[in-house]
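Each in structure tokens, the structures are laid out below.
Paired with subunit B in one complex and with subunit C in the other, subunit A is shared by the two complexes that follow.
What follows is the complex of A and B.
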């Protein structure tokens, strides 16, 4: 009789079965056999059998490894230790088979052979090894050009969409920016020195394929300032049905440009007279809908960069937050000095004022957006808010009165003009 | 130890890019999706890159990765990538090889799809396979739901894309809070205080500070060196357990799954949005969670029937109104649906006469 009758029921059906995959590893790896047995127990009892945390790591690092121990170690000795290693992924998750096989060889030698491609933050996740294997595995990883990612209260492994590597909508080089910032922040990634986790995600356009606005403390989302590029002949081809909407990936054979595109434009900044598509670009809010529907006719403009948004995280503690616009436009070009300097101002303010396990978005809620913006040296801009406040309870500071006395607003477009 | 390498960071991405991408980096002009799971990107130079997208479990073995590598060697000169949703993309330039690649994947039981107006792979967490705070498993419910919705993975039948996610507890490592349909493991039991262990294992001030609702206080009996929990204030987040292992909140019978719907991260048409509570509790029923599978299919079908062209699930609900959503999907509305958590709550109460009966 099978030892895993409940899990066996997850072997049928058309979607690939993790149980089937794990079973073939179990034939080679005793720890995977014990993992399946413990998982079966969880399926019977409807409860987890992993103990709480445990601090393990490699020498000199305070992150990159998540300690994990079974509470059934006597029954299932193979999973007594079952630590996770986070391996920092390359930009855009591109690989050669040679590189992937190299990783597999290392993990077969030092661990369970189970992994995720990839984890929620972006790293390659090696699941399941013993404490004594961590250092040898790490040595072999670094000898082959790989390093650990972040965990705990550190700068977490940034991730990015594939940007200019394969997308016509990339408004900056997400792949390079991600790589450069990852290299720049190695010390902070591997040595916990922040109040809590801090994530960066780089998306090339407002479609935000890496969910930067929801899953990164600092979200860098590509945008253009000038005009959407139009190929009027291609617009006609869409209208005539020669070109299919969204590249063909819909149930709809033909685009009705008025009903499907211009009528659904959220700012009503476009019109189509049956011959020519007109866009009032000064009133476009970069929603991507028209571009998504007609990729052969429309492309973002050429004066490009990114919008910086800050503060998103999952519900713990104050409830989930989406990132807020803090800088409507920044040019994102190598060596990214302006961005790096701002990133330092943000993390320094947070490190100084943040409580233990307080995300940057929560700190801003506690201390106020003005305090943050002044610390980050960012001027107020209408793009930062959806609507201005409705209450009359606003503060005035001496600097505001000083500016007023000089006949100026506190902030000007040039930046801070009052000492 | 002098030779020990540290802080080298990830390898530079360029070494993993196929020649066609290096040559056309930043020069892509447009793309087409000629069939489900196949993307064609065309460069300003006229070069054409094909990507064949395939679904995989998130929990995989090195054996599986090696299998995938064999396919990529045979058809793609050894170049491939992964998407942000655990899909695999095989990258090739020879259009003639696509049929062979697809046949090979089919033979290996690897499904092709996940593009455009489909249900693509479900992003999820570790669950009982590796996590210490889950209310539910992760890989199991995901497998069961994807088996049921399989017809939507390899087709473009829906009004828009539908992104499903699962988090095995409300920590939401899977960041399910902005998905069209989200499964979220929920505990419904206040932590059981293990006084004997607490005094040795936990720092009392950080444990108290970890509670978002202020339900944890120092225990009145000082000799215990422990805490007390004001149970009616507890919403079972498990954050105290993360700080203090002597406060487990697991309950095999009371734990279960909540379904949240209508979130998105893209700015396309409408702004990014949180998922909102549709079903507060479905029993935790391994190995195939049939009630969860049925609930998700029901919502998906009602959406597919009711939505206008291009409408995401949340856009459909916003147009018809939440009261209609509950009616159409035949989902009972409960006290749990009415937000009472901190500053977000009052912003969700209706202040207009704009509703339907």
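What follows is the complex of A and C.
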């Protein structure tokens, strides 16, 4: 009879099973045998047998290692220590096979051989090693050009979509921006100095393939400022069925431009008279629906950059929250000084005022967008209204009346007036 | 009176030592407390001093829901049972 009857059930479905992977690895790694046995026991008893380790790490770093110990170390000695290491991934998750083999060899030598490609933040996750193996593993990783990623109250390893490397819609070089910010923020990534975690994600266009709007404290989403470029001949070809919608990635052979494109435009800024497609670009909200359906007819404009959004996180009690716009447009070009300086102002304000375990988005909800904008030196913009018309109330303060009497318009801070 | 770099390192170490077993201090608790007493310093000075303590092994970063600067110790979870 199998020693893991409950785990075996997880192999019975139509999908790949981590249990199958673990069993394969258990043949050469005794600690994985103990891992399976402990997990089976947890399933029987309906409790975890992991203990949290908060001190293990490598010298000089306060992040990148997540301590785990077993509370059944006598029974399952192979998982007495089972720490996780987070390895900073390359921009866009591009690897050579040589690099992947190198990583696997290092982990086979120093750990359980189990890894995740990739964790939710984007790092490579090495699962399961002993405390005494951490330093040698780290030394070998760094000798081969790798580094640990972020964990704890730090700047987390930023991630990005593959951008212009493979995507014609990228409005800026996401991989370069991600790499530059990774280098810029090394101190904050490895040495916890924030109230809580802080994540950056770079998406090249509003399709937001890395889901920056939902998963990053600061989301950098590519966008264009001018008009969508239209090839009217290609529009006709889509209407006539000569070109397949979505580059062929749909079961539909032919596009009904009115029903499928213009009627579904969220701002109704498009019209099609059977011959010509027209777009009122001033009212376009850059949702990408039309461009996604007709990629050979429509393209983003040429004046490109990014929209910055802040505050997404998923706290257990309040539920998931999306980022909202703080800067409608920023040019994202090397050396990214404007972005770096804004990022510093944001984190400085948060570090100064944030409570323990309070994310930047929660701090803004507590102190108000107005205070944040003043600290970040960002002018108010209509795009910052998160939920238009949902809350008609604005609480004026005495300082507003005083400021108005002095001729100032919006801000209470001296020297930061906006017409 | 202005603190030298070495004095600042010792000052921070003493703060961490005094809090040991009573209260966990975050890096931001340390720089806020130091800057309150020594306005001539800036945050970077304190961060550099913390770095020196960590790199020298006199203090360690810990994580218990948040990240803290503490004196090195064997954690309870590492013990068997």
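The rule we apply is simple: the second predicted complex is superposed on the first by the 379 of 419 C-alpha atoms of A that agree within 3 Å, B and C clash if a C-alpha of one lies under 4 Å from a C-alpha of the other, contacts with A are read in each partner's own complex, and residues count from 1 in each chain.
Methods note: a residue touches a chain if its C-beta (ideal position, glycine included) is under 8 Å from a C-beta of that chain, and two chains touch if they have at least 3 such contacts.
Everything numeric in this text was worked out from a predicted model, so none of it was measured.
In the superposed model, more residues of subunit A are touched by B than by the other of subunit B and subunit C.
By the touch criterion defined above, A:73 reaches subunit C but does not reach subunit B. Look at A:278: by the touch rule set out above, it reaches neither subunit B nor subunit C. Applying the stated contact rule after C-alpha superposition, one finds that A:187 touches each of subunit B and subunit C.
When the two complexes are overlaid on their common chain A, residue A:385 makes contact with neither subunit B nor subunit C.
By the touch criterion defined above, A:331 reaches neither subunit B nor subunit C. Looking at the shared chain after the overlay, A:55 reaches subunit C, while subunit B stays out of its contact range. In the superposition on chain A, A:356 makes contact with both subunit B and subunit C. When the two structures are aligned on the shared chain, A:46 is found in touch with subunit B, with no touch to subunit C. Put simply, subunit A uses residues 51-53, 59-61, 187, 356-357 to touch subunit B in one complex and subunit C in the other.
Interface residues of subunit A facing subunit C in the complex, by the touch rule stated above, are 51-57, 59-63, 66-67, 69, 71, 73-74, 80-81, 131, 151-154, 187, 191-196, 351, 356-357.
By the touch criterion stated above, subunit C contacts subunit A in their complex at residues 26-28, 31, 47, 50-51, 54-55, 57, 60-67, 70, 72-75, 77-78, 80-81.
Of all the residues in subunit B, the ones that touch subunit A in their complex are 1, 4-13, 15-17, 21, 25-26, 28-36, 39-41, 49, 51, 55-66, 68-70, 72-73, 78-84, 86, 88, 109-111, 115-118, 123, 125-126, 128-134, 137, 139-140, 143-144, 146-147, 150, 153, 156-159, 167, 170-175, 177-178, 206, 209-210, 212, 237, 239, 241, 245, 250, 252-253, 255, 265-270, 272, 274, 284, 286-288, 309-310, 341-344.
By the touch rule above, subunit A contacts subunit B in their complex via residues 6-7, 9-10, 12-19, 21-22, 24-25, 32, 35, 39, 42-43, 45-53, 59-61, 68, 82, 84, 88-101, 103-104, 107-108, 113-118, 120, 122, 127-128, 139, 142-143, 145-147, 157, 159, 161-162, 164-168, 170, 173, 175, 179, 182-183, 186-187, 190, 206-215, 244, 246-252, 260, 264, 266, 286-289, 292-293, 295-296, 299, 314-320, 322, 355-357, 365.
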